[in-house]
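Worksheet for the structure shown next.
Going in written order, the chains are labelled A, B, C, D and E, and every chain counts its residues from 1.
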Amino acid sequence: MSWYTLSPVEIQAFTLSLWVATVSVVFSLPIATGVAFLLARRRFWGHGLLNALVHLPLVLPPVVTGYLLLVAFGRRGIFGPVLEVLGLQLAFTSAGAALAAAVMAFPLIVRAIRLALEAVDPKLEEAANTLGASPLRVFGFVTLPLILPGVLAGAVVGFAKALGEFGATITFVSNIPGETQTIASAIYALLQVPGQEAAVGRMIGLSVLLSVGALLLSEILARRMVRK
Amino acid sequence: MSWYTLSPVEIQAFTLSLWVATVSVVFSLPIATGVAFLLARRRFWGHGLLNALVHLPLVLPPVVTGYLLLVAFGRRGIFGPVLEVLGLQLAFTSAGAALAAAVMAFPLIVRAIRLALEAVDPKLEEAANTLGASPLRVFGFVTLPLILPGVLAGAVVGFAKALGEFGATITFVSNIPGETQTIASAIYALLQVPGQEAAVGRMIGLSVLLSVGALLLSEILARRMVRK
Amino acid sequence: MTVELNIQLQRDEFFLDAYLSAPAGVTVIFGPSGSGKTTLLRAVAGLERVDSGYISIDKANIVGQAPYKRAVGYVFQEPRLFPHITVLKNLKFAQKMGRMGGGQDVDEVIDLLELRPLLSRYSAALSGGEAQRVALGRALLSAPKCLCLDEPLSALDHALKQRILPYLERLRNQTKIPILYVTHDASEMARLADHIVLMQAGRSVLSGSATKVLADPAAVPFLGVRAAGTVISGCIMPPDPITGLAIMSFAGGQLILPELSQPAGREVRIRIAAQDIILATEMPKGLSALNIFHGVITDMHQGQGPGVMVQFRVGQTLFLARITQYSAGKMGLALGKTVFAIVKASAFDPAGIGT
Amino acid sequence: MTVELNIQLQRDEFFLDAYLSAPAGVTVIFGPSGSGKTTLLRAVAGLERVDSGYISIDKANIVGQAPYKRAVGYVFQEPRLFPHITVLKNLKFAQKMGRMGGGQDVDEVIDLLELRPLLSRYSAALSGGEAQRVALGRALLSAPKCLCLDEPLSALDHALKQRILPYLERLRNQTKIPILYVTHDASEMARLADHIVLMQAGRSVLSGSATKVLADPAAVPFLGVRAAGTVISGCIMPPDPITGLAIMSFAGGQLILPELSQPAGREVRIRIAAQDIILATEMPKGLSALNIFHGVITDMHQGQGPGVMVQFRVGQTLFLARITQYSAGKMGLALGKTVFAIVKASAFDPAGIGT
Amino acid sequence: QTFDVYAAASLKPAMDEIAADFMKQSKQTPRLSFAASSILARQIEQGAPADVFISANLGWMEHLQDLMTLNQAPKEVAMNRLVFASRSSVPLQPELPDILKRLDGGRLAVPLIASVPLGLYAAQALQSLGFLETLMPHLAQQDNARSSLISVSRGEVALGILYASDVASAPGVFSVSDISAQLHDRVTYQAIPITLQGAKFVDYLLLPQAQAVFQKYGLLAP
């Protein structure tokens, strides 16, 4: 096995990371957009609270976040019974890994979308309103297309974060090869023992490759959006 | 000692965290602004590379980032001799903790500022140009004030991130109470052993308090900026 | 359909207190910069919250109704095109959002406003006038129950205005929707206005039918002397077989017009500015001017400057002429005296001739 | 100071190929929507890269120079005020950036443009016309070597225009900087223009001194018939002791003007639109019109419509009159024939009288 | 005067107490820095100013010894034992069927079996018992011993292999079956003195006074 050949376990980690990052971003985007909209456009009781809550995963040590996830979504967690009824298991599953990654990426995605929302010229929304577009349609046809570069930026940062995340992931879903071992947790495991520098380097190369790819893709997309 | 009384070590961790987060944000802001400007406004060879580099700390496991910092700025690191000449020691000092936090927060700050920059109407910059303002003055008098909400958003997210960061910090500067032990690394240490729930809760409460305070402050400032 | 409103609102130091009743047709809102014209239109469209009062379209109070439910089409002072979609998609969007469906035909609007070469462009690549035309087209396509046009043509050149104005006239005549129209251009006002509301420092100071307001010497200080004049309605006759010139018959005689592309039998309105009329005490001869009327002075109104507004009656039509006090004295003009009024055929701006 | 340019540039399908030489004074750039007026101004200010050609201010080629070094003040078609600072700070910013220092006096500009009540406002709380005035003030304060004004007054009402125009005239006379001025308004053009450049589909089709271009029958198709006319320069005489009216003496006689606040001895320019002149074959009597001239026909030029442009000489001044072909035939007008020209004193728009 | 003690995070409570005692009787103040052994070892490798390094991770110990010329050999300062632990106090038969029955399709919590010491020992023990292959797909490998303890104490897993010392100090978690020390390598905590000052501290750790503290936290004497 030469240095650049990936072992099956590494390939599994690679595929899983890609899956986890993609799923977590895809599922967070709509929710993040909604939350960003609330935070940017509405004044309501609990605004500050929601804002703080969204930022929490950024502030807390990832392990704490993972622990809180366990408390909430573990088998014996607060929502454990509900999840059980739904036949959904999160702890120690890849779905749980995606959840953990999504929670960790969430504040970054919300911030990006919120900034984009705040930069949208309300005059354009007014114009759409006078043309008879309901708030929902204004959002769909005017606001959303205008914030797409911001959404994209959020998605990429979120994707990168989801790829790099392991603290909450490993705590919530542990590190089961083929099931919940992402590149990041594989790297972590490798780092625990001496003399694994080559393997670590290979894994890091992989994850950098993935996220640089996502970055470049997003830049190209963004440029295409803006060019018109 | 009742549950809400902080031990001297905890107070030290609190003060240090505040110091580290503040210093790291204050020092990164100008650099992040410059990098964001380059990324948003200039097309140059290496644009993609710079962009990838900036995002790296997001993708890499924090421990790896910390290790790379150690390799670069440690006593025996690449820049070790240079730092020694300058009489500057980073590894295992609080200055180093700030550096680690800054590096970790950097991609988030750059992203926020970049988004704000991309939302500035170039027509206003053109107008300033025709009034005889040099590019530097245009930036200082027009662009910068217009992106301030974005800069603020970046600063807050960066501050929160710097508060929560411990992976890179603990690796680069270790976990020395009173010197390099931030709240986040104190929490990490406490989490390693059973029965410390009260202390952990107290520390988490502290760091949440700090960042919620920063958040609220930034919201108020941002609203004041926009109100005009 | 009618728009009626009586609203009050305060924005910092600015206080708007406007009353207005706009039936089908064009109601021109005229007033100096900062007098509240835009604010008034915004209130109608629901973009500005009113402190008190009512706004009704067709007797239904719409105060408090969400802007998008009001079906008030709006052309803003700046174009406000959606920058992320092409011109064509801007238009299609408006049509799709228009809730009564129907509305105007996209192709017709595109041809009229000469938008065809622009359809695949984005707004950043349009000139000021082009963007304003697209904005106008967009508003027309949204099938509004009421149109608010805030200086829609002020970025357009004279020739283009002349091509677009007949369309607005047709729109006014066909759709029977009230059109609130802000303009600074007196000839645009004279051509389009059925009703005029004069605004001054946030208040609607004078309003009424265009004919009445334009010929009202009391309105002159608000309109400016150059905007004062007579609007006469009449009917196009078959062109004169000898001269080939168009003729309009009105309650007072016949008016020879310059080239006019209106078919015989069509009702038209013409504005004759007070300053475009020359008065004479004897019948002038050998003149290039083709329209010479014989009238009786009914009113004389002295302005602040060296001018006098002379109102005289020709048949049943009242005309307004502005001459110098010196001339009036020299000619011995007085109430009841007979005068000859000379009007040049080529002085009529075709843009000032409306239906 | 002079601006000279000869530039070519391509933007998608649009091709600009313009030649222009603008000495001190106002050069009006006139042309239909989309003809490239804005693009031309942007090129001068360095906001649009040219593909080939040169632009010089005072003989120094500025192509390739950074916009901020060009000292070209610019009033854009839309106000472009800085939204984060007050009106006053917008003005102060411009003054600070103006590199020649000096420039205009802030207070003077504020008073002239009636900005005082707006100083502490932010641009979001300004009406369209107010914002445009601030933009104009800002450009004036930046101490430019050349001014590009893109429809600076089109959002303003007539009365306000009349108050601002004399200031622009003074600016033109005092500062000796070239002003490139885009407008759609023929009377604004006639009043301000020293030179006129006509644009059509990206090309500068005709240019020259205002007097020449406005009286050139060949320019009529580009200007539109209503813009054609004569610009005559003359000198203000002491007011007539009997009538109290102002008198201007020109190379051909004396012109009686309406109220005019210019002092005796001042050089002024007046535009008499071709359609405002009535011709007669005999000396008319008992008319309210005070200006009757005696001239000889030097040229007749038939348009596409029912009109004829008649050029005639009064003393050394050439006038242009537009009358119907029918009248011309009936009156037997021909080259060399003598005519009487009737011009109303009150027909002169004070806004059309410039220095 | 201070000196730096780099210690594996799992030793925190015991080391905190010992350090406090040490300070009382000498004028030296030990500054304790807790992190994962891997992190601490790498820092020392990069020139961290450590005076002592204490860890259960023998791999890193050897790595450091190979790398640096140390004057003194590492000393064992404490020992530990492994147990099967659970939330329910029902004793476990250390046989496959009973283990699988207890797991009931769930997972067995252990730290990373390839890298974390506890994981390594647990894997050795399961290997010796001949269970490893069967249990492999049932393992929930976590980042450290503490995480595994949490999983057990929260009932996310029915069983875990943990340090006896951790189980002793965690209320609500029971040791349901001992794991014989014969089944795996010695579970020892070693201290490497790097400086003279460090050597003094290591000596202190071996005194009964310090040993008593270790035992208080469930650790065994070397």
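By our rule, a contact is a pair of C-beta atoms (placed from the backbone, for glycine too) under 8 Å apart; a residue touches a chain by one contact, two chains touch by 3 or more.
Everything numeric in this text was worked out from a predicted model, so none of it was measured.
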item: Mutual neighbours - chains that touch subunit A and subunit E alike; value: B
item: Fewest hops from subunit C to subunit E - one hop per pair of touching chains; value: 2
item: Label of the chain whose CA centroid is most distant from the centroid of subunit B; value: C
item: Chain-chain pair with the highest tally of contacting C-beta pairs; value: C-D
item: Where subunit B and subunit E are represented by their mean Cα positions, the distance between them in whole Å; value: 34
item: Separation of mean Cα positions, subunit C and subunit B [Å, integer]; value: 61
item: Approximate Å spacing (C-alpha centroids) for the pair subunit A, subunit C; value: 57
item: Shared interface positions of subunit E, touching two or more other chains; value: none
item: Overlap residues in subunit D, where contacts from two or more other chains coincide; value: 78
item: Sequence positions of subunit A contacting 2 or more other chains; value: 63, 67, 188, 191
item: Chains touching one another, given as label pairs in label order; value: A-B, A-C, A-E, B-D, B-E, C-D
item: Contact set on subunit C toward subunit D in their complex; value: 11-13, 31-34, 37-39, 77-78, 117, 121, 125, 127-130, 133, 150-151, 154-160, 184, 186, 224, 226-227, 242-245, 256, 258-259, 275-276, 278-282, 284-290, 305-307, 321-324, 326-328, 331, 342, 344-347, 349
item: Subunit E - residues contacting subunit B, complex; value: 4, 6, 9-10, 12-13, 31-35, 39-40, 42-43, 46-49, 144, 146, 149, 153, 166, 169-171
item: Contact set on subunit A toward subunit C in their complex; value: 123-124, 126-135, 137-138, 141-142, 145-146, 225, 228
item: List of subunit D residues in touch with subunit B within their complex; value: 45-47, 66-68, 71-74, 76, 78, 80, 82-85, 93-94, 97-99, 122, 124, 138-139, 142-144, 148
item: Subunit A residues touching subunit E - in the complex, by the definition given at the top; value: 63, 67, 70-71, 74-77, 91-92, 170-171, 174-176, 185, 188-195
